[in-house]
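Structure record follows, encoded as structure tokens.
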Amino acid sequence: MAIVELVQINLLSPMVLAFALGIVATLVHSDLKLPDELYTTLSIYLLLAIGLKGGIALSQTSLAAFWAPAIATLALGLIIPVIAYTVARRLGRLSIADAAALAAHYGSVSAVTFAASQTFLDTVGVRYEGFMPALVAILEVPAIVIALLIAQMAGGQQDGDWREALRELVTSKSILLLVGGMIIGWLAGPHGGKEVAPLFVDLFKGALTFFLLELGMVAARRFRDLPSAGWFLLGFAIMMPVFNGFLGVWFGSMAGLSLGGSTILGVLAASASYIAAPAAVRIALPQANPGFYLTAALGITFPFNLALGLPLYYTLATWIIGS
Amino acid sequence: MELTTVKLVTIIAEAVLEERILHDLRQLGARGYTIGEVRGSGTRGIHASEWEGKNLRIETLVGPEVAEQILQHLANNYFPYFAVIAYATDVQVMRGTKFRG
Amino acid sequence: MAIVELVQINLLSPMVLAFALGIVATLVHSDLKLPDELYTTLSIYLLLAIGLKGGIALSQTSLAAFWAPAIATLALGLIIPVIAYTVARRLGRLSIADAAALAAHYGSVSAVTFAASQTFLDTVGVRYEGFMPALVAILEVPAIVIALLIAQMAGGQQDGDWREALRELVTSKSILLLVGGMIIGWLAGPHGGKEVAPLFVDLFKGALTFFLLELGMVAARRFRDLPSAGWFLLGFAIMMPVFNGFLGVWFGSMAGLSLGGSTILGVLAASASYIAAPAAVRIALPQANPGFYLTAALGITFPFNLALGLPLYYTLATWIIGS
Amino acid sequence: MAIVELVQINLLSPMVLAFALGIVATLVHSDLKLPDELYTTLSIYLLLAIGLKGGIALSQTSLAAFWAPAIATLALGLIIPVIAYTVARRLGRLSIADAAALAAHYGSVSAVTFAASQTFLDTVGVRYEGFMPALVAILEVPAIVIALLIAQMAGGQQDGDWREALRELVTSKSILLLVGGMIIGWLAGPHGGKEVAPLFVDLFKGALTFFLLELGMVAARRFRDLPSAGWFLLGFAIMMPVFNGFLGVWFGSMAGLSLGGSTILGVLAASASYIAAPAAVRIALPQANPGFYLTAALGITFPFNLALGLPLYYTLATWIIGS
Amino acid sequence: MELTTVKLVTIIAEAVLEERILHDLRQLGARGYTIGEVRGSGTRGIHASEWEGKNLRIETLVGPEVAEQILQHLANNYFPYFAVIAYATDVQVMRGTKFRG
Amino acid sequence: MELTTVKLVTIIAEAVLEERILHDLRQLGARGYTIGEVRGSGTRGIHASEWEGKNLRIETLVGPEVAEQILQHLANNYFPYFAVIAYATDVQVMRGTKFRG
């Protein structure tokens, strides 16, 4: 399919439209407000469901094909933050803390963008490896650690409590639910999985739609910080994902991932974390300005990936791998 | 039983700081705390908690010296970078020893 | 079917029974309490789901048949508040503010009563136009505006902030979710709709049942205000819906709506708002007594419509249109 | 099947695994925290769903077979608390209040353990009577009343407000939702039931899994009180359920319950309440130490029943009844 | 309109006590109350509410005598067995009569 | 750093008033606010928020003059028709300038 067509398919999916509705709600100052508890519940549900499905898939697929992609993913987690940091320092002239903060966010991954990419591929009818959620777990933490180490070495964060930050990282709910869900799915297998499928499989896309409605409102609230963010951040928040997305697709193809798998690894690389990273950075790099990294990750990169990124990285994959 | 006066210290802080602040309060001699979830805005711009929608309102009843130390500690360690405010006031309680120690 | 039979079918539906259970829970002072966040979540879900289904239906049905019903609905939104206000002033001798408040509530519409009527017709096996949710959206706002204007002209509300009230009305979450949901459903179409159907279609009746459990508790809490409300309010809260219901069915049949469609338009006209109207009235007509309009709309009219109104308006429709 | 096999099947079910994940989350001090409102919502949902399913089943099954089991259940509710109290006083040398508190918890019942036992039997493929939820309702209250009376007579609780406690017991949300749900299901019947089945039937096991994730965290928080609890409590919290479970299976078989039914009655007898009982005891026996009865019921007995009890009581039933 | 001073009594109590405490407050002459949900910990160990995750923060504006009585009543009837604390402080309000009676 | 005294103004209001009250507070010179969700009852009967189950507890730290003005403004514009109460008290803070302006 032509990219225009793919973009169209993507933009007309209920999920992306719900995200747009959320943006509108904020822009017109609607009194619509999803309870914080719903937001928390949905994010727990999504992470657990992603893990479960991945675990069930793992219980059926041979792991022989898993190691190469795993290493490729780890490599991305080590390389991307270094590149992102250098770009932000050299080109953006950002403070050490702000640059490291951006590196942590763009090196890590957004589980919701991952979920959206799966849904997108399902719609387009492209298959992908069942162990992709494992790659999400692998990609989430390392980049954040690297970024904090960089800041540490560059001497930019004597105020932060980075040991504490690391401890919280590895026990963070996103890791716990992803990995925990995978183990449950792997142990329970397809049979046990069938019992909980009505909740964790059938409702997944609907829940994702609901969640994106909320994320749309959150993202739109970041828009008002755009002016103060400046041109560099705007460029960074769009060019960096595209570059990382290319890197991800490329590494994926080299690691022998399928067309769908490479697309998803591209999406993972391109996505910016907004659950694990912000919390860790806030504690380890307090002097980094949240208005900066949250605006970039949530206000620009997430909408960009959701609306244009998915079809783009898929097209890149078709070029590199050939469909 | 007659009333004695102790200090009520109230801290408004972004949610990510919960564990650290509670730990510090214990260190400084607070015997207990009460936490409520709130939201708000002040002179600082946005903070990480904002998009997670929550600040915490931490209250602790302590003796006057401890209250003073808590405010000092917060001013030195949190005010510079974090969205934190704190204030103290006198309150009357029964059995002040429970809090004054 | 005879009306007795219809009433029976209706009273034995899980939804109405759950409402009754909620009433019982409050009367026996049970410690049962649904979290406010659940209430909010369910109302958001219901409005969005109603909109989505309507939008998907719209994407398939021709709009040729839509304009007449739309105008009929708008007419109802302009006429009913005037009648309701006059009745409340003349017969009820209510203050300008209280009369206008009632006019706003009974002119506007209750989305949950609408949803219940759809479920009722499904059970009875009567089909209705797919664009009915659009009529809900059309009927919701105008009556409230009219009522506030009446109060304004009658000089009853120099204290209220009615511009603010209007702004909030058109951006209110009920309008936003209804219209937004319709647009999403219309753009995504049946295909996109199928992806989120497990959440927004399959679970609808169950969620409605849950919601009515809560509404039953809320309504029962209003019961204790009944004594102080007096006979006029009691009569008004029962006769007004019946009259409006007749008006709605009649207008619907004239506008060429099907038996089911006319029934639903009757239900819409008969229902009293308890989401959009109370908020708007509270701000624009603060001196109106909430114990008055909330008791009427929630404590009397809603239970009446839910238990007896649905079969009644359907029977009216069969008389006027003939099944 | 051999018991080892049954235990294995049970331990590898998503529900038990989710419970384990919750325990891990607490032990590693993860920041994972389910909103209290989600916990409340799920417990309301589970109780209502259990009642509904039971009511629908009742509407189809003859009640002839019901009376004997009902009386057997009532007998359990009267006997168990007396035994538990005596054991706790004589062997455990506990204070009157603490002994009575334990008696109330172990005489009453845990609805979630009941739900887990149904799921377990479904997986093993064993059928059970449709009216079992009615037995849950019967077993819940009496034991608590007996226990409070014992304490009353033993003069251990002049401080408590036990009339208030009784009133709250019979109107407690667990009774209201169980009985209310059954009546709704009974009146609506299979037809009405089908309308809400997607929410109350299809999602049940998934919701239970979610709930057990939370309960795992709650139970693990009780673990730290284990040391201070002492050996007697540990023994009591494991031996008492086994004894009660045997009693339940035995009474069930004598009352003519099927293999599955007797197993479930065993589970009911073995389970310890942690919704109705703690609230009632807290108000009627304030001087009883919650760290004691909560640790026993939630920290030891519940995990034990969930992991080992279910297969154990089923095996007991196969011995007594023969499969 | 000028300001008058009344007492603000704040009670932190486990959730199961809500009805009883509100009933007692009415008895003692309070004309209203405000409740917020909080969590916390103190010198006592766990309490039944803990695993249900909630304490209540009950505030009531009353005259000084009533305030004194409330604190006394709580100390006598709740402190021994329940996880309850309470404190009072002076606040300025418009129309003190609404609260003082 | 030594402590300075500012006023803590607490407003309990039905939820529908949030935007209006926050707007008024800014107008009157408040530099920030903290909101918690509460429920309660008082001398007035039910109010629109009741069945939506929520009141708001709005706190703002301000200088004494501003505090006085806020209470006056609320008494004039909200007390007549809305379920609103407000009270002020003295609290000690570090860096009073953040709030006093």
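For reference, chains read A, B, C, D, E and F in written order, and residue numbers begin at 1 within each chain.
Definition applied: a residue touches a chain if its C-beta (ideal position, glycine included) is under 8 Å from a C-beta of that chain, and two chains touch if they have at least 3 such contacts.
What you see is a predicted model; the values in this text were computed from it and never measured.
**Student:** Can you list every chain that touches chain B and also touches chain F?
**Tutor:** E
**Student:** Quickly list, by label, the chains bordering both chain B and chain E.
**Tutor:** Common neighbours, chain B/chain E: F.
**Student:** Looking at chain A with chain D, do both copies bring the same residues to the contact (over half shared) or different ones?
**Tutor:** Mostly different residues.
**Student:** Quick one: point me to the chain whose Cα centre is farthest from that of chain F.
**Tutor:** For chain F, the chain whose C-alpha mean is farthest off is D.
**Student:** Find the chain most remote from chain B, comparing centres computed as mean CA coordinates.
**Tutor:** C
**Student:** Comparing the two chain pairs, does C-F have more C-beta contacts than E-F, or is it the other way round?
**Tutor:** Greater number of contacting C-beta pairs: E-F.
**Student:** So how far apart, in whole Å, are chain A and chain B when each is placed at the average of its C-alpha atoms?
**Tutor:** Using C-alpha averages as centres, the distance is 35 Å.
**Student:** Please report how many Å separate the Cα centroid of chain A from that of chain E, as a whole number.
**Tutor:** Centre-to-centre distance between chain A and chain E: 47 Å.
**Student:** Averaging only over C-alpha atoms, locate the centres of chain B and chain D and give their separation in whole Å.
**Tutor:** 40
**Student:** When you check chain B against every other chain, which residues touch at least two of them?
**Tutor:** Residues 36, 89.
**Student:** At which residue positions does chain D touch at least two other chains?
**Tutor:** Those would be 35-37, 198, 202-203, 279.
**Student:** For this entry, which pairs of chains touch?
**Tutor:** Between chains, contact exists in these pairs: A-B, A-C, A-D, B-E, B-F, C-D, C-F, D-E, E-F.
**Student:** Flag every residue of chain D that touches chain E in the complex, lowest number first.
**Tutor:** Against chain E, chain D makes touches at 36, 39, 159, 161, 164, 218, 221-222, 225, 274, 278-279, 281-283, 286-287, 289-291, 294, 298.
**Student:** Contact residues on chain D for chain C in the complex?
**Tutor:** Contacts found on chain D: 35-37, 40-41, 44-45, 48, 52, 168, 171-173, 176-177, 180, 183-184, 187-189, 192-193, 195-200, 202-203, 279.
**Student:** Under the touch definition given earlier, write down the residues of chain C that touch chain D in their complex.
**Tutor:** Against chain D, chain C makes touches at 12-14, 17-18, 21, 24-25, 28-38, 119, 123, 198, 202-203, 205-207, 209-210, 213.
**Student:** Taking the complex as given, what residues does chain F use to touch chain E?
**Tutor:** 10, 12, 36-43, 55, 57, 68, 71-72, 74-75, 79, 85-89
**Student:** Which stretch or stretches of chain B touch chain E in the complex?
**Tutor:** 1, 3, 6, 8, 31-36, 61, 89-95, 98
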